[in-house]
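Look at the two complexes coming up: chain A is in both, with chain B in one and chain C in the other.
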Partner chain A sequence: MSARLRWLVRQPWSWSFAAAIVVWLVAAVAAGQGAGGALTAALAFGTFYVIVGLGQMVVVTLGPGNVDLSIPSTIALAGVIGMKVMDGSNGGIVPGILAALAAGAAVGLANAGLVFLLRIPPIVATLSASFIVQSIAIEIGGGLLVKPPPALAWFATAAPLGLPLAALVALALSLLVSLVLARTIFGRTVSAIGQNRRAARLAGLQVNLVAVATYALSGVLSAVCGVLLASFSGGASLDMGVEYLLSSIAVVVIGGTSVNGGRASPAGVWGAALFLFLLVSMLNTLGFGAGTRMVLTGLVIIGVITAAGGERAA
Partner chain B sequence: MTSRIAGLGFAAMLLLSAAHADAATAGKRIALSNNYAGNSWRQTMLTSWTDATGQAVKMGIVKEAPAFTTAENQVTEQAAQIQNMILQGYDAIVIDAASPNALNGAIKSACDAGITVISFDGVVTAPCAWRLTVDFKGMGAEQVEYLAQRLPQGGNLIQIRGLAGTSIDDAFNQGMLDELKRHPNFHLVSTVYGNWTQTVAQKAVAGVLPGLPDIAGVLTEGGDGYGAAQAFSSAGRKEPIIIMGNRQDELAWWKQQHDKDGYTTMSSSIAPGVVTLAFWVAQQVLDGHPPPKDLQVPYLKISQDTLADTLAKTPSGGLANKLYTQQDAEQLRAVGH
Partner chain C sequence: MPSSCVPLATESSHADRAHSLVRFTEIAKSFGPVRALDGVDLTIEAGECLGLVGHNGAGKSTLINLLTGALAPTSGSMEVAGAPGSVHDPRAARALGIRCVFQELSLCPNLTVAENTRLVHPGLRGWNWSRRAASLIEAALDTVFPGHRIRAGATVASLSLTERQMVEIARAFTTTDIAPRLVILDEPTSSLDASTASQLLAHIGRVTQRGCSVLLVTHMLHEVLESADRIAVMSDGRVVGCDPAGVHDRDSLVALMSGGTHRASVARLAADRRTGSSQVLRATPKGGEPLVANQGEVIGLGGLAGHGQTEFLVDLFSARTMAMVAGDRKRDGVFPLWSIGENISVGAYRKHLRHGLLNLASEEASAEEWRGRMKIRAPDMGNPILSLSGGNQQKALFARALDSDAGIILMDDPMRGVDVQTKQDVYAMIRAQAAAGRTFLWYTTEMDELYECDRVYVFREGRIMAALGPDEITEERVLQASF
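And then the complex of A and B:
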């Protein structure tokens, strides 16, 4: 029992789940009802954090300085392109999804081009790319909300027995990413680059190719998020991705992925996503003023990261 | 002979002045300084500017009226933009500002250079500038009054606030809270922040809804009504009276609900076309007819009676809008005096 507990404490993802459970219980006790409903809502909204968080996690795992700041604008662009191609008809769903994914991959490849061909630091490269991507989204969408087809809207919002279907998509993607990271040459190469890029290259690994593919993967996952989010919230709007800039990084760090690269924690992304949603719900339920909410959000996140990091150092 | 030439000249002048009713501003250049373009309100605002000023340039009322938008919604960037406009010698700057006071230095240099500055939506406090302000406090109070009239027995309310720390959000909140004091049978059971963004509002409401009792009404600040409705329906709860903010998707949803079971609410917001009113005020100032510095702008209100008409005129996925005219600016000046 104690050995199992010690094993659990040492897992990088355990702290984010523990934090999620605590804020969930506090909110449920404070409200006096609705714990089940809160969990359903957390799964529904956590889905979007998880999907973009997985992409950000793989990029961050590449090592210091690697980050994708174009996620918000890619969400906006893919959402708009997807919904435009679908044009509100169920028949357009498959081509619409393919077009959105292609757009996401294109943004990811463009980012990689800036980072690896032009040698621009990733923070600057992906941020500059995001201005261009956002402008294209504005040009295509014209600032109008583009409605999803009914079948896709149903799929994105349905939650039979309190289990959102979209969360199953996120779960499948998480399992896939975990498997790829742990069991494939691509995944092992990502970790190897994060641990020591030079050593990875000298070991004969396809360092550049894998790094490029990683940015493309992040773009594709942002596109999945964009299509799901547009379907979930009644249409693709320009500002729907804005909040995912910082939260995509937050779920990665809180989830126990090493910011220095080399070690990913896909399970932790789930704990962190549920935690972030439930934290806001808890603070809203407790009814603090805006200033107190922000201070508490900052303190709690610092606390969770310190707890997770501190245990590992010991 | 000379009198004939003078007569011809006079006739030509008459003709010219008929064609160019505002010859005094025909050579003037007015620039729009805009701090953000990333949502549908701003996009509609920019289109309104292009439409109205394009027409004014064609009619020879002004020489040109280009729009400039900063990329990052940053004060420093907009200050630099204003400095550029001063160097380029514009006669007037119409501005939607990133901050009410942080741009005052740049605004003052513009005024000192003899440039007329008209602020709207995001207004500036610099004394030399004109302000087209909206009574957000009154808009907030009006929502509570409407709910009080619809629900005389009172009930539980949710308040969706906008972006924390902004003057607009503070004014809305003050208006709502003051009016709520006069209606003690309303209970504010939850306050969340929706950042004027549909997806954020939806998430915030969905997060608190499971723990809340029956809700009778939702107070909003615009951009959040449809998200709130989505949160209620996905939680399997009946939608209360949600105040809407003139978005087409909100109006379409409202009409659909009304046709189904007689659902009734109200909707209000500033029309993005308020930018055209700011343009005409600038033109009036350049024409030598300055209105008072502080002007109250009317907002666009939609009731059950005007819903169908307004919805028919609003583009799918856009916002209810109204373009203002030169006469509107003249009237504003008359009311101001």
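And then the complex of A and C:
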């Protein structure tokens, strides 16, 4: 094995990309259709996985036990608030986005309060918060589907030259998160907490502040996803976030982020998001029913994690 | 001084020689270059209580580990119950009737008292084992600690520290298949109150009369003086004295422990630096005497290990003005996923910031500088911190603290595992930095390091027992205040 290839195999994100490429090729050959079309679709849908995955990744990096299960309800709440404030007019886009982001940040801070002030385990805290958040979203939404402003709807669905514009937003966010993690005191502190919280405090790092900000960040990214998703699908529905509960965790883990904390892999989130979408669409084109599809999806995820984990431990 | 501990009785008669339960001859144990035991001769007679005292690092724990089969000697010969050869493993020790009550409590907190008893008695099996285990431990508790009020069905986690220690001790005296012949008690009274401690000492008297031997390892000198038949004193891996308890008092034991060496403090502090320097810290651990530190001083925190020094430093720590050098690297210091360089720069991020972002080149340059200054043995500071030996990891943690701009550096016995040459380099660095105005709070269990300090506070049970000035730092004074 050449040195370059060995370096590639050692990267935490390499496995998710390899898996995505394999599934992509199988899907293209099996369906006999243009592989480019499959990729465009994967980028369009994968964008949403990526955005929430980034937030989940930073939370998971805080160390064992840290997880944000309120992502689906935050998506719903932010989508509903954003669409309500925009009220279908292009002029409302900026205030609508700001309102949605503020809602996301508020949910994140509330989660952090439950976790760090009341000392409730994150898995319980964010899950119970999500019931409350979902109820607020139902109350605000009132069961009506508010359509997105035309400009935002166009932006969320446009894909000139097969490249969805929304994917560019996700790409920009990924680069930003990567930079923050590698090159800011905040990012290094997140990694330090994930490795050894006590040592991080004794090294003089702002442990509590950073941990709270991390949950807020996840809330904000869920809000971005909520607004884009509502615009993409023609309006905010209350259950549009449901599938992001498990997939946000799946893309983090498949992407090579350490579940024990301390090591994040933003690039891997992309590979994993594309892989997840392509896997489902491949099984679709191969003609499997819904039940078989889910079983196979679960098995393939287990396989990828086992293969990647075994290799990294070596 | 020959390190010999053979009682008069065995020299006079062959019959008694056969009764020695344990006989160590010229036992040595090395860990790499460190000689933990340096030629120990020691016997434990059947039915005697042998007291074992000595300061931290004197070799007491190593000796216990040889008896329990956790370690094998490097050289020398061991004889237990007439059978020559070392104790191969803990199971063999148990078969020989050797029981040990550890200083760190070894009960499983999620199990009941009875279930914990079953753990050491494989014979308690079959129908109704838990009832039998319960009556076994209850009988033992009734004997050792009459009026104890501990239920055998209680989970250990629900017991107080004192009660857990009582269970641990009572369990060592229970018998199913193999009767205990030697019970090793390592600091057994550290969590007991005065009345339960005296119950235990009375019980020791009873079991030794029945022929069971007890090795009582403790820092509480009055206990060995009261209960032991003979007292062995260890210092620097040797037994420096072993006499009937009657010939000793507290002072004679302390004098033996300090090995008779009276090295004076380095006392190298320039008087002009101390005068006029301002007070930077005043703290009162556990409501005892206050600790005061002036700018540019090196303050030693002495006393036996585990007497609240680490807790004091951790509680005192404040990120704004202080940096900490961890002693327990894994728990308090090292970030295992990071490189050596990243582990150093974490203490001084601010100086690597350019426009709000960390400058990697600046971080690297600083890591390189510290590799030279601390002589960190690594080909590349980008290598993982865990690729370093323990001593070199410790140097990186030192670099982290010294690299920060903190005015006060807290050091939690940080020199464990560091080689002699580096120690000297670090001492010099501390002196230079103190001269430049930094203040050091230095907890150490090594007497030689207390000599490097300007003043020393000696801790016992979380409180300051003595404050020693530059001319008062001697091993004897420190030990006097420690016990």
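The rule we apply is simple: the second predicted complex is superposed on the first by the 311 of 314 C-alpha atoms of A that agree within 3 Å, B and C clash if a C-alpha of one lies under 4 Å from a C-alpha of the other, contacts with A are read in each partner's own complex, and residues count from 1 in each chain.
Here, contacts are C-beta pairs under 8 Å (C-beta built on N, C-alpha and C of every residue); 3 or more make two chains touch, one makes a residue touch a chain.
Please read all numbers here as calculations on a predicted model, not as lab measurements.
Aligning the two structures on chain A places chain B and chain C side by side, free of any clash. When both complexes are overlaid on chain A, the residue A:146 reaches chain B alone and has no touch with chain C.
Legend: residue contacts after superposition of the two complexes on their common chain; A:294 is shown touching chain B, with no touch to chain C.
In the superposition on chain A, A:188 contacts chain C only, with no contact to chain B.
Of the two partner chains, neither chain B nor chain C is touched by A:123. By the touch criterion stated above, A:262 is placed in contact with chain C alone, chain B being left untouched. After superposition on the shared chain, chain A has more residues touched by B, the comparison being chain B against chain C. In the superposed model, A:37 lies in contact with chain B only, and not with chain C. Of the two partner chains, chain C is the only one that A:196 touches; chain B does not reach it. Of the two partner chains placed around the shared chain by superposition, chain B is the only one that A:45 touches, whereas chain C remains out of contact.
By the touch criterion stated above, A:138 is placed in contact with chain B alone, chain C being left untouched. Across the superposed structures, the minimum distance from chain B to chain C, using CA atoms, reads 30 Å.
Chain A uses no single residue to touch chain B in one structure and chain C in the other. On the side of chain A, the complex with chain C involves touching residues 179, 183-185, 188, 191-192, 195-196, 198-206, 258, 262-263. Of all residues in chain A, only 27-28, 30-38, 40-42, 44-45, 131, 134, 138, 142-147, 157, 159, 229, 233-235, 237-240, 242-243, 277-278, 280-281, 284-285, 287, 290-291, 293-294 touch chain B in the complex they form.
On the chain C side of its complex with chain A, the touching residues are 314, 317, 319, 322-324, 326, 331-338, 342, 346-347, 349-350, 353, 356-358, 360, 400, 404, 406. Chain B meets chain A in the complex at residues 37-40, 42-44, 47, 71, 161, 164-165, 190-193, 195, 197-200, 202-204, 206-212, 226-227, 230, 234-235, 247-249, 315-318.
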